[in-house]
Structure formats: C-alpha cells, structure tokens
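Mind having a look at this structure? Questions to follow.
Should a chain be cited, it is by its letter among A, B and C, assigned in written order, with residues numbered from 1 in that chain.
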Amino acid sequence: MTLLSVSGLTMERGKHMILRDVSFSIGKGELIGLIGSNGAGKTTLLRAVLGLLPAAGHSSLATLPQRARARQAAWMPQAREVAWPVSVERLVSLGRLPHLGAGQPIGRTDRAAIDGAIADMGLEDFRHRTATDLSGGELARVLIARTLAQDTPLVLADEPIAGLDPAHQIQTMRLFAGLAVAGRSAVVSIHDLGLAARHCTRLMLLGGGRLVADGAPGDVLTPDNLTEHFNIIAHFAQTEAGPIFQPLDVVGMD
Amino acid sequence: MSRLMLALSALVLALVAAALVIGPANAPYGDSLAALFVDDGTPLTLVMREIRLPRAILALVIGASLGMAGAAMQGYLRNPLADPGLIGVSASAALGAVLAIQTGLAAAFAFGLPLAALAGAVLGVLLVLALAGPRGASITLILAGIVVSSLAGALTSLVLNLSPNPFAASEIVFWMMGSLADRSMDHVWLALPLIALGLALLATLTRGLDALTLGEDAAQALGVDLTRLRLTLVAGTAAVVGASTAVAGTIGFVGLVVPHLLRPFVGARPGALLWASALGGAAMLLAADILVRVVLPTKDLKLGVVTALVGAPLFLHLIYKTRRQMA
Amino acid sequence: MRNSRVITLALGAVLAAAPAGAQDGADTGVPATPPERVVSMNLCTDQLAMMLADEGQLHSVSYLSQQARGSALVEQARQYVPNRGLAEEIYLMAPDLVIAGSFSDRTTLDMLRRLDVPVAVFEPAGSLADISDRLRRMGEVLHREDAAARMVARFDARLAELATQAPPEGDRPSAALYSANGWSSGGRTLPGQIVTAAGFDLVADDFGLAWGGFLPLELLAMSDPDAVITGQSYPADSRAEEILDHPVVAHLKRDSMRGIVSDQDWSCGTPLVLDAIARLSNARLAATGARR
C-alpha cells in the first residue's frame, strides 16, 4: 500500500530551479534516508511534498485536506522552536491535536500514544520539566516524541538527530527503523551517511534539486555518486557488524 | 486549571458586587443592591440601573476583551510583549471612533461608532502585522507599535482640533487614557454585540495557538489553517478592541499584564490562557475602575493612568528579561 | 459667559502679577470728552454698549454679537460693523475708545494702548449686584450717566418686583444647573442667582458648590431636583457634553418642570437677565400651580 506518491515535483525561485521533476513513491515498512549536500534541496523537497510550499507537479499528501494530511503524515521541522515554557508532557501531547475535535479533551488512546512516545524516547524522567530549560539534544528528543505521539502512518523529519550524542543518535535511528518494522514509514533527512547506511532500508540522493539515486544504500553510495555529489571519497564495507561507512577525504573542491 | 477559572470567576463576581455598591451617592450596600433589583421609586434605583450597572458591565466586558485580545496576539506572535494598546491597535480604533463622531457618522447609523472603530482597529492590526513580519520579533514589533500609535494619536488630535466644538480639543486625553465615567446603558448596547462576536471569534483560536508553540511550519503540518487563523485573529481583535475603545477610549497594559501574570498558572499553554486572561482582564479593569472612584472621587482620574502605573513597570521588567533576545 | 471660577481666579492672578505700568490709568479708560467712535470687542460689553450708547456713538461690536447662538441682541448688533478683536483691524477703525472684557487678549490690548487708543476693560458680571455696577460704569465710560442711572433704577425696581413673586424660604422648588463636564453653578454665580431670583433653591448649594464645581451624576440623581437646566450645546459633538445626553439627565428633565431652559439672555450680565428670571418664575408658577 502506497503511503506517499510524488511525481514531477518541480519548484523555481526566480531563475533558480530548486527542485527538478522529482518523482518517487513510498510504501509501508520503509525507513528512507534523504541525503545530499548542503543546499541540495532536502528541506525544500520535504516541505513541498507536505504542501507547505507551493510547487508544480503532484504530491498525494499535498492534495489532502489539512486535517486529513496531519493524520496521514507527521512533520518535524529542522528549526527546534518552542515558543513558551510548557512542560515536556504538554509539548508531546501537542502531537495529538490532529486527532482531537474542537474542545475535545485528551482521551485514553491519546494518553497511550503520549506515554508510549515518552517511553520510546527515554523521557520518563523529563515529563514535568520545562521544555525550554532542556539542552539542545534533550529538546530534540522531546520534539521527536511529539512527532511519534502523532501516531501517523508516515513520519517526515528534517535532520532529527543533528546535535544528539552518539548513543541517542543510534537509539533514535533504531526507533525509526522500528516504525518500519511495525508497518509505518519514515523519511529522514540526514547528514551522517554512516548512520544512514546502517539503519535505512533505502536512500534517496538529491543533487542540484534532482533525485539522482534511489535505492538500497549499497546502490546509492557508489564512489561516483560520492565524488560527484558529496566531493568525498569514503571507505564503505559490509562487515559482520553491519555496513560501515567512513568519509576519508575531500576531492574535487578548491 | 479549572481551579484557576473558578478562583478567577469568584474574584470577578466579588469585584462586580463592589463596583455596584461604590460611588459618590454613598448609599448603604444592602440598599444599593436592593434598589438595583427592585424599583423602589427612589432616585437610588435610577443611580444603580443607569449609572453603576452600565459602568460595571462595561468594565467587565472591556476588561475581558482586552485580556483575551492580548493573550491571542501574544499567542500568535509568540511574543510576550504584544498588547493591543501598546502595538497601536487601540489608538487606531480611537481614530476611527473620533472620525465617526466628528463626521456625524456615529449619529447617522445605529452602530456607526463601534463599526468605525473596528475599521480603524483592522487597519492598525494589519499595519502592525505587516511591519512586524512573520516572526514578530520583539524589536520590530515594538517599533511597529510605536509608529502606529504615534500616527494614530497625531491624526486623532488633528481631527479633534478641527472640530467647531470648544471642548473637543481637550478630549484627546479621554481618547488616549480611557475612562468609564458616566457611561450609560446606551453605551453597553452599542458595544456588546461586537464584543460578544469578537470574543467568540478569539475563543476559536485555542488549538491553533497551542500548535503555534512549535512554530508556524509544525503548526501547519499539525492541520492548523494558518491563513484562517490570522484572519480570525484580526477580525476578533479588531471587533473586541474597536467596540471597547469606541466606548471607553484607549486603555493599555491590560492585555500585557494579565496574560503575563496568569501564564504560569496555565502551564504556559496559549490556548488555555485565552479564557483565563478574559477573566483576569475583567478583574483587573473592575479593580482599576473601583480604585479610580475611591482614590479621587471628585476628579475623573482616567483608567489608563491606573493601568499604566501597574503595567509600565511590568513592561520594563519584561523588556529587561528579554533584552538579550531583542539585541 | 460660562467661565469657570478656576479660570477666573487664575487669570486674576496673572493680571495682578503684571507690571504696574501696563495698567496705569488705561483700565479706567474714562475719556475726558464723550467718545464718538466706540469699538467694543467683547460679547457682553457689546450688549451693554448697545443698550446705553447714544445715536452714532457705537461703531463696531464683536462678531459674536451677530451670531444667534450666544447673542440676545442679534438684530440690533447687525447694524454695526463686526470685529474679530484684532489690534490692527480695530486700530484701522480709528476708534476714540475701545471697550474690552477682562478675558480679551492682553497682547491685543497692550498693542492698542501703545498706539494711544484708550481702552476700558470690564470684568464679567459674577452676580446680579454686579449688573448695576457694570451699567453705571458703562454709563461713565460713554458719558451717558443719566441713561445709565435710569436703566439701573428700572433694573432694581423690576428685580424687587420679581422678588415678591418668589416663594418663601423652605417652600421653594429645587433646581440644578448642569453643563458640560458635569459642572454645576451655585448661588454665587450669575446663572445661579438668576435661578434663585426666580424662586428656586440650587442643588449646587446643597453640595457646597456655591461658586460652581463638578457635581457627580449620581449626586445629581440622588438630589431629585424639581428642575434641571442644561443650556444650549455647542455645534458638533464632544465628550464633555455627552453627559447632558445621559439617560439619567433625560429622565430627570422628563420629570422636571416644563419650560425651564437657559438661553442667550443668560450669557451676559445685562438687564436682559430679568426677562430670563421672569420666564423661569412663570414656568415655576405654572408647574406648581398645575401640581396643586
């Protein structure tokens, strides 16, 4: 069953083509790493897919009415804004808004989803702390928990593990992988290619606004792609402990 | 949180009772309240029903309006410094009102006065939103507010000076500082419809403002229609501030002080803060109006003076606290 | 003239503080010979001058006298040249006497004095007793002492006659004077004395506002006056005058005696106030007669 289908997504800003004819579809049980160098258009693509930015082409999410879309896909933006000193629990519960009618209080399913998200992200001790008092990494985990609490088939996250310590990075990627196992899907934009290789089932490489490669990590992280789109050479090997990817040096840049 | 609402409601009821029994007529409290409900043929009934009652009602609904509008603007702009008086919405409403009175529009149409004030308020809100930008950063917001307030105030003064009436020129004090003295039930009926409409509109913003805690992008993705939210905010604020200003002049700081004081009690949730601020604003304005009658009964001490004496120090404190973000 | 007591006192203080030279002899302004070309620049001095001046003696009156709103002698005033109280304008009329009120622009009067134009300044009448005094003084200034004396005699006689029509103390209906900003005049002001001479007791006096002052609307209502007198309002609207449209005031006026109004006859201290007193007195008799 397709959770998201995108075809011919194109976006210009002035003379610049930000997205060029991007097409793909996502089924259940996938953890997709969206990779590309800075300015390749990852954030723009995710926002255009959601319909937060106007773009030519078709996205099955963007055509949905707003409430339905919020129940189909959860979005975690890159900017980790929290405007008011609310408690962690309160912040996570914001994820339940698409499921609540006007004036409807939090019900049992909602509570279960919130508690589950808090447990999954290891935030039990932080429940009553003020979100704005937390460190960057802790806040990131809280915002991920909010996204999880939204309980949607599809999760779109813009650099969710940036700024987290290694342990939490791995744990979060495992969590997203667990979503896939449970039949949901996640698209995660990510800079750490090693983690992407180890946890994602599929990688989408964006270069200059175009979807230049789409497939298993082994098929996407080829030396040619690395040189052309990342300006790096890397050591990429399948080991007993799983795939290991380590950038080694910069090439082709002055 | 419902304990908070109960406590605030009790406070408001107590203040309404006090507002009804305090006045120059100095009648015993029991007699005053009795005269309100039962027409005993004495002048006291006239005083209670035509002088004290409208004044208490207006203090209640205008205070609620300013409190809720302040909470709504702060929630939308994600800035604790937003207040309809400070950012010039009240001043532009006052300009609309003065124009309606001096051109005869207010006398020609039944609701000409509050509608003209609403139009002025809409212009003021739109101007501030345009100047302050989408993020509503503190410094640009305050600057936008200064510009709009100054311009509206200057134009109001000009219009009043052009009036053939010799009293009009000194009227600017009423418009800039606000007063509920000698308002009648006519004023209540004039303001109430728009205030009720505005409060109802603002009350629908609860979810949207809660979602905005995460920023506009995330809120939109949570299913909040940002365009509709902005429109509802503009319409609701303009209706509520317009009608209030048309009848009582500009009263500032209520929308700043009340949400700030009540925010810790509602867990900083902007949605819950709306109704709490309505009750808190009603309490604050009722208290201010009682104070005005008790402290200087023979002079018309303007309400805006009292709210400014309380609010300005708080404003300074808020600026001090957020000055790093403002730099 | 609705000048408040406070303004009167403040301006009095200003005038008193002025250097003595400016007032030297110029205020008495009594010319040695009868003036033949008199210019009056104040509404109330206009009225007095028009009543007492000889044929051809008065040349110009202030433009306010020609406006129906405040002037009781509009038709008569239109025979004269209007002036706006400007020094240049008045000087060019070549007057041999200028009559002004004590609130006329001081700089204008100083300018006229510097140009060697005799200026006579009249204080506004603050009581009925002042009226005779102003009449006499106007007579002096215009060299029409006999006419003035006759007018004073007529005034005093008629005033005494009106006094006989007034009910005794304790049997008098109550009246409240109420104007913009809630101002109520008491027994020591001219409007107040017009009302008391017509046989009323003043509400303002009950609240210690003999010289006039702010009367809260609640107290006006509680005093339940038999008559409420609000006077004419100015063109266009003002918040200061809004209180006169308050339902409480409307209610009190509805229940109060009919025909109790103030008009142009009240605005200055002239014998015309007697007409005002008479009308008030008749209204009172009609109302109390009907009540019995």
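To be clear about the criterion, a residue touches a chain if its C-beta (ideal position, glycine included) is under 8 Å from a C-beta of that chain, and two chains touch if they have at least 3 such contacts.
Small disclaimer: the values here were computed from a predicted structure and weren't measured.
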Next item on the list: Could you work out how many touching-chain steps separate chain A from chain C at minimum?
Entry: 2
Next item on the list: Select the chain at the greatest separation from chain A, using centres from the mean of Cα atoms.
Entry: C
Note to self: Taking the mean of the CA coordinates per chain, how far is chain A from chain C in Å?
What the structure shows: 86
Next item on the list: Give, as an integer number of Å, the spacing between the C-alpha centres of chain C and chain B.
Entry: 43
Item checked: Residue numbers of chain A (touch at least two other chains) -> none
Notebook entry, point to check: For chain B, which residues are in contact with chain A within the complex?
Noted result: 78, 204, 206-207, 210-215, 217-218, 220-225, 263, 267-270
Checklist line | Touching residues on chain C, where the partner in the complex is chain B | finding: 180-182, 214, 216-219, 221-224, 234-243, 246-248, 251
Margin query: Under the stated contact criterion, what part of chain B meets chain C in this complex?
Written below: 23-25, 27, 43-44, 46-47, 50-52, 101-102, 106-107, 163-168, 170-171, 174, 182, 184-186, 297-299
Next item on the list: Spell out the residues on chain A that touch chain B in their complex, using ranges where they run on.
Entry: 47, 50, 52, 66-67, 69-71, 73-77, 79, 81-87, 90-91, 94-95, 97-98, 100, 102-103, 143, 146, 150
